[in-house]
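What follows is a set of structures for review.
Both complexes shown next keep chain A, but they swap its partner, so chain B is in the first and chain C is in the second.
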Partner chain A sequence: MEKIGILEGRQRQIYEKKGEETAFDITCETTSLSGSVSQRACVFCGSRVVLYPVADALHVVHGPIGCAAYTWDIRGAVSSGPELHRLSFSTDLKEMDVIYGGEKKLYLSLLELIERYQPKAAFIYSTCIIGLIGDDIDAVCKKVSQEKGIPVLPVHSEGFKGTKKDGYKAACDSLMKLVGTGSTEGIGKYSINILGEFNLAGEAWIIRSYYEQMGIEVVSTMTGDGRVDDIRRSHGASLNIVQCSGSMVRLAKQMEEKYSIPCLRVSYFGIEDMSKALYDVARHFSDNPAIMEAAKKLVSREVGKLYPQLQQFRRELAGKKVAIYVGGAFKAFSLIKALASVDMKVVLAGSQTGNKDDYNSLKEMCDEGTVIVDDSNPVELSKFVLEKEADLLIGGVKERPIAYKLGIGFCDHNHERKIPLAGFEGMYNFIREVYNSVMSPVWQFAPRKGGLSS
Partner chain B sequence: MKTAKTATQNACKLCNPLGACLAFRGIEECVPFLHGSQGCATYIRRYLISHFKEPVDIASSNFNEDTAVFGGSHNLKLGLKNVTQQYRPKVIGLATTCLSETIGDDVDMILKEYVRLFDEGEPLPNGEPLPLMIHASTPSYQGSHIDGFQAAMRATVAKLAEAGPKKNLLNLFPNMVSPADLRYMKEVLKDFAIPYVLLPDYSETLDGGPWAEYHRIPKGGTPVNAIRETGMSAASVEFTSTLATEKSPAGFLEQEFDVPRYTMPLPIGIKQSDAFFGLLEKLSETPLPEKYEDERRRLVDAYADGHKYLFGKKAIVYGEEDLVVAMTAFLSETGIDPVLCASGGKSGRLKKRLLELVPGFEEKGGKIRDGVDFVDIEDEAKVLKPDLLIGNSKGYTMSRKNGILFIRIGFPIHDRFGGQRLHHLGYRGTQELFDRIVNTVIEQRQSSSPIGYTYM
Partner chain C sequence: MLLRHTTKEVKEREGLTINPAKTCQPIGAMYAALGVHGCLPHSHGSQGCCAYHRSTLTRHYKEPVMSATSSFTEGASVFGGQANLLQAIDTIFSVYDPDVIAVHSTCLSETIGDDLQQITKKALDDGKIPEGKRVIYASTPSFVGSHVTGYANMLAGIAEQFAKSTGEKKDQINIVAGWMEPSDMREIKRIAKEMGVRIVLFPDTSDVLDAPQTGKHEFYPKGGTTIEALESTGDSKSSIALGCMSGEPGAIALDKKCKVPFQTEDIPIGLSATDRFIMSLSKAAGVEVPDEITAERGRLVDVMTDMEQYLYGKKVALFGDPDQLIPLTEFVLDLNMKPTHIVSGTPGQRFEKRMKEILKDAPYANFKNGLGADMFLMHQWIKNEPVDLLIGNTYGKYIARDEDIPFVRFGFPILDRIGHSYFPNVGYSGALRLVEKILGVFLDRQDRDAPEEKFELVM
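Here is the complex of A and B:
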């Protein structure tokens, strides 16, 4: 087997934990190296995935057709009502529009779409080409908003203007324009907004129900089964609960500054983090001990149910090795803890968008020999997966075929999953899925197990 | 009915660079490379992976704000160097995006500068000669994915084809068909004992076996040396109904190297398959092998066995224009009435070609529309009330909402398993399509019957 090397420009983004003496100074939060076949997407992608679950808003992609076509119904974010978010709208710019500008086409498109679909608001995403030709989408949005009487919000998400993370910021800036525009009447003291939870396969409903069982009012789920009117009044909540590696941290901070709403960062994956998320919120509302009582009751009930089930899996999964490569590093933390509960061992932990603090935490959490990597690519991932003899890869759509080609189990932990993995129920689903993949008899035919290769 | 609309709603097409990347995957030892933002490569990879279920590595020059302002030259050169070092390709298939096209990067000049660097003594990225670089111009505000696909293949022959003494060799340009179709075409040509160049050929690169180690470039694809010989071939056969000569790889070979170009619709259905096999008989001066006569006989037999299920059923067909034309011809010979033939593409030739192939189509009430999206198709469906919807996975939502039977063909198929193994071409491909259509109708009859017949 030919030894696979690491590109010169990438060496400082990879670290292998070997004793304490190694200085740890991973390079991250930079743009991807040209030609490195990064697994990352772009600014537009970041905005689109964050705002996607606002289900009663119109989402219009201003640019040539590709950007809209590839994000058509891409997320598993489900809605309990309107499903406008699952459609794909584009100004589908042609050569003449690029030469003469696309403002008029955007204007006409918006009028037409608002007429047809009667949305509560509209998000207008600018793509690479809009950044170049300089269409004034703010002006068009303002005009249409005045004419149609609904918020029409520009999202400055030109693909080349940074990484996916910058797209999160653009999305937060757009949402912030909605926040504070509705009435907060009737919102009680023990109230929260749920941020950064995308309701994939109904996960937000699970989380929401936990909080409600604790006697907490959920004002807005913002980015999961989201509704424009809820977002408009979300500044009436007492606390923001933010999940995910920072996609909504900016909004929470802005709301803290403007409306003095404190925020808590949590994760809903795994027993440990899920329980902590509930306890942290209960602790915040410590003037009402009933909330903590309810949280304890809930956790003890759910863990009581879940624990024996996990023990079944643990017997066979203990000692199996896992490689994790996910979008945000925060998710990796939860996954490492969740996998530890069945005694699985993490041999690679990486993310597309982690920062120095994230990687430091990863380093603390991981065992000797674990590879930590920022903004990786298929060649590196496959190299480490094979070298470390992983039994499972956890990632997204682009990582899946790497695992399967090499005859390794895979668990999808990105925004396309169709089974809820959050909460206590989700933890069971997650470990069961891990078990189903790792223990499948099909891997006996894999070349690395002595089967024939192509 | 409302006048033409402005916004595209649920597009019935994809972008130009996607087609180019797919086609480049059909060249041996080739890595596709997109000159533009990172997102384009990632989205296209994700999209292709969902259909083919294979790793699809596409490099990107990864523009940032500075690149967009000052030009992509530096990023492109660095990217080429890195991808050469990491992937060790023989060929880099370079396609532009809307971004690099609009800032006006002169890619050919940048490539020349890049090559000159090494001529002047810069160490080679992997110590071996530089890969061949094929550049296709594919701005995403022009045409759709099929245009990118053809542009990449035209650029490939334009770059590689060489003149020379005529050879007993046939070029086959199969269009954007499935890996299974490509394998079938190879089998046919082999059975006719016709030496051939099939371009592109992603039958293995996008539908291969398991790996012991990561194959940076999967094995398979049309070899570069074979592509060089396309200029010396005795003829080219090109499956297309709508491709303009100036955009066609076979057209290029005809103009530059006097290789006769035979253009025909995708061979779907008995008549079009007859035309294709007939042409092969003529070109090879070999009678149709017994095996294909048998395939044809079975198909005719199946048409008879299944005709009552299909006669008079109304169908909407959509997808790339070439696929729509060929499918319409096939459906018409089975007794199905295509009531709408629709495409997101806009070559300007759809209607003319379709009417040539299916005379009397419009008199029977059939509609032909190009440049449409799924909202247009759905609006039409509400009036036309079809029994069947035939096209790629993107029609699923409308089929479900409107209760129309759905048959998946073409690309993308990402809500079913095995899209890459679907047959469309020749007697055998037609047979599989025909069986699926009949069974879809039977399944519905069965499930809507109060008795639940066990013999249909």
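Here is the complex of A and C:
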């Protein structure tokens, strides 16, 4: 570790909070430096992630085989019904297609698939190579749509055209073409759409049930256990609830412009943010005090259950140090608050896709000495984990083995988790997972933290 | 259930792949490169590919997998990626300090026509490659072949770009490893040691992707074939390539460059293939097969005879990579089971030829590779003719569950179990483990399905 320093050209993407004099704006929303071992993905990845949970739609990856193979059932976005989204369809482009174009192949594939699966809609993802060879996927989609009578939506997600965030945009643009195409008949006044909740391990079900307990109608959960017909009529809802920093803000804004549906940004992680997410909605519907009543009752019931359980964990977890490296910065905010409720201390907070405002908020939230990073790499992560003597790393698939190698606990807060971490029961699951990982007897057999402590 | 949409009726499909039984070249190149000591693989393309490849290898090995990327943007895809790669080489040596950078291309850099050879030469001419360090490359476009092809291409690159001949022959044999696990590579080294044969094994991912917990994150773990050993391959007496599609291209490259004669054997999975490997090695090195190896074989045969009553006539469906399926199918036949459906996504005539040979007495067997050979087809075949056992990578679990078939995980990737990186499948001990696994699922199944009165202590 001694030999390896911080990547040149990355100094301004790393910030250590040490009083006012070191303050500078973190450089972000840039592409990674050529030659870095980045943890980041591509535009396609971003689109696929957002649209993935639309379970009764066909998702066809137009490109060579890899892009489709790697996204085959890659995320546990669970569905309560159809599971078409979990299959992998690829046009498997070959050399000849690259030379002569793959439009015909795409067209024939689509006809065949629509025939076989009778989907409600189809999303066609264009990958890097399509951007280069210039297939007109819009035209193919239009033609198939006319012939087959279902929406066939191009997703312009050529990997090199930006970052994962641009993929979110492309996905939103496709969804926006569905919104407004269904009948809004029968949708009541106290109704919402839930956006940006991916139903990993059934989280959307938890959130949905909270709102329903408050007497609110959930028209569409879009990106978690999503259904095409629900999305088509989602413009009939009175309010959009958007979770997460990046992925669905654009869609919410577009719906606001076109259909005058206001939106609220929330997070479902941790007691504080979860409660706020319910209260904010209740406040929005303040003409119906019963909703606020129900929200209060729900929160007090759940917190009452949760609080004593957390106290038990807090006794041992208090003072332990945590390094956070997650996709969106919004999630980092929630995690910092959630960890504070058991008195854990965040020593590193990083994100792959944060923007300037996000990082400024992070700076405000964090204690002195906390390191804040944008688009980090494994070398830096290991370095800071060891320097700051973290006891736990919170991250995704590529960070897990790094944490274990360093002899510290790990919690997956990305898409590999098998237990829901959202909502009040999610908070319990989260802290329990953190507790079990940090306090595991296994660490007594391992050299911890690079041998720094036992 | 997930795959309930699968229809029984098999129809020719026009260039549509459903649930692929393969993936793309760069991940194979990345894996092969990790078998060189102190090597940082480098993906020349956009970030996404590299992220996917690293994630998949990370999931398969539960180990940190490092690889840098050229991070293509729109500019690079219009003006070419030379500037990105030159900058990358600079960054990598100054920050990550590897001994070797192994560059592979992606669909994108191939399509825009970046010439890796020319760019690495320019890097050398511009003095961007420090003394004693190396940059090697392989062209790995994903619209050709599969991850297996990518592995083979990188292997050929390693052989061609490292091997030197000094004119003085060394008393050593090269073993060019086809796609196998770290545990398998370790086992090959053990067998050679047992036989008293000096070998240079490459690539060698043992001690790289099965590294011990040390409290540190080693960017370059201690394993991997060293530059010195790789250079010496040009002076070896001969080479044995394991696997005609993944291993042989490396041996051919060596022969071309340094005139090292080679022969190709199957990856030693199962009894017959291990027999052939041991005999080749003993012949090539001019040594007798030691008693301990003979005893290992004897133990395997003993178990095979003890257990044949549970195995005969059982129908097996297999899918995966060609070099593994060939000896595995042969082993299934040696165990008196019936290989009924065989699918490999990787295209190649060698596979078809070998399969025809192996299956000449098994006319009932279906096999297909390349275009249209995907998991959807496998599922359809199974629906039409059910089997007793499914062997293949993790993706088989959907079919196994939907059709309620005992399932043995084998191949790449295995994302939901451990063991593949620690316990070998090759050699006699590997074969023994395979028999154990197969029996385990059969007998568990028998216990599970037995009516109350037939549920017995002894099997």
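Assume the second predicted complex is superposed on the first by the 445 of 454 C-alpha atoms of A that agree within 3 Å, B and C clash if a C-alpha of one lies under 4 Å from a C-alpha of the other, contacts with A are read in each partner's own complex, and residues count from 1 in each chain.
Going forward, a contact is a pair of C-beta atoms (placed from the backbone, for glycine too) under 8 Å apart; a residue touches a chain by one contact, two chains touch by 3 or more.
In this text, all values refer to a predicted model and were calculated from it rather than measured experimentally.
On the shared subunit chain A, the superposed partners chain B and chain C overlap sterically.
Looking at the shared chain after the overlay, A:447 reaches both chain B and chain C.
Touch criterion met: A:98 reaches chain B and chain C at once.
Using the contact criterion defined above for the overlaid structures, shared-chain residue A:84 touches chain C, although it does not reach chain B.
Shared interface residues of chain A (contacting chain B in one complex, chain C in the other): 1, 4-5, 7-9, 31-45, 63-72, 86-95, 97-98, 105, 108-109, 112-113, 128-129, 131-133, 159-163, 378-379, 382, 397-398, 400-402, 404-407, 446-448, 451-452. Residues of chain A touching chain B in their complex: 1-2, 4-5, 7-9, 31-45, 60, 63-73, 86-95, 97-98, 105, 108-110, 112-113, 128-129, 131-133, 159-163, 377-379, 382-383, 386, 397-398, 400-402, 404-407, 445-448, 451-454.
By the touch rule above, chain B contacts chain A in their complex via residues 5-11, 13-18, 33, 36-47, 49-50, 53-65, 67-68, 75-76, 78-83, 85-87, 97-99, 102-103, 139-142, 144, 204, 208-216, 218-219, 394, 397. Residues 2-3, 5, 7, 13-20, 22-27, 40, 42, 45-56, 58-59, 61-74, 76-77, 84-85, 87-92, 94-97, 106-108, 111-112, 141-144, 146, 211, 213-219, 345, 371, 395 of chain C are the ones touching chain A in the complex. Per the touch definition, chain A reaches chain C in the complex via residues 1, 3-5, 7-9, 31-45, 63-72, 83-84, 86-95, 97-98, 105, 108-109, 112-113, 116-117, 127-129, 131-133, 159-163, 378-379, 382, 397-398, 400-402, 404-407, 446-452.
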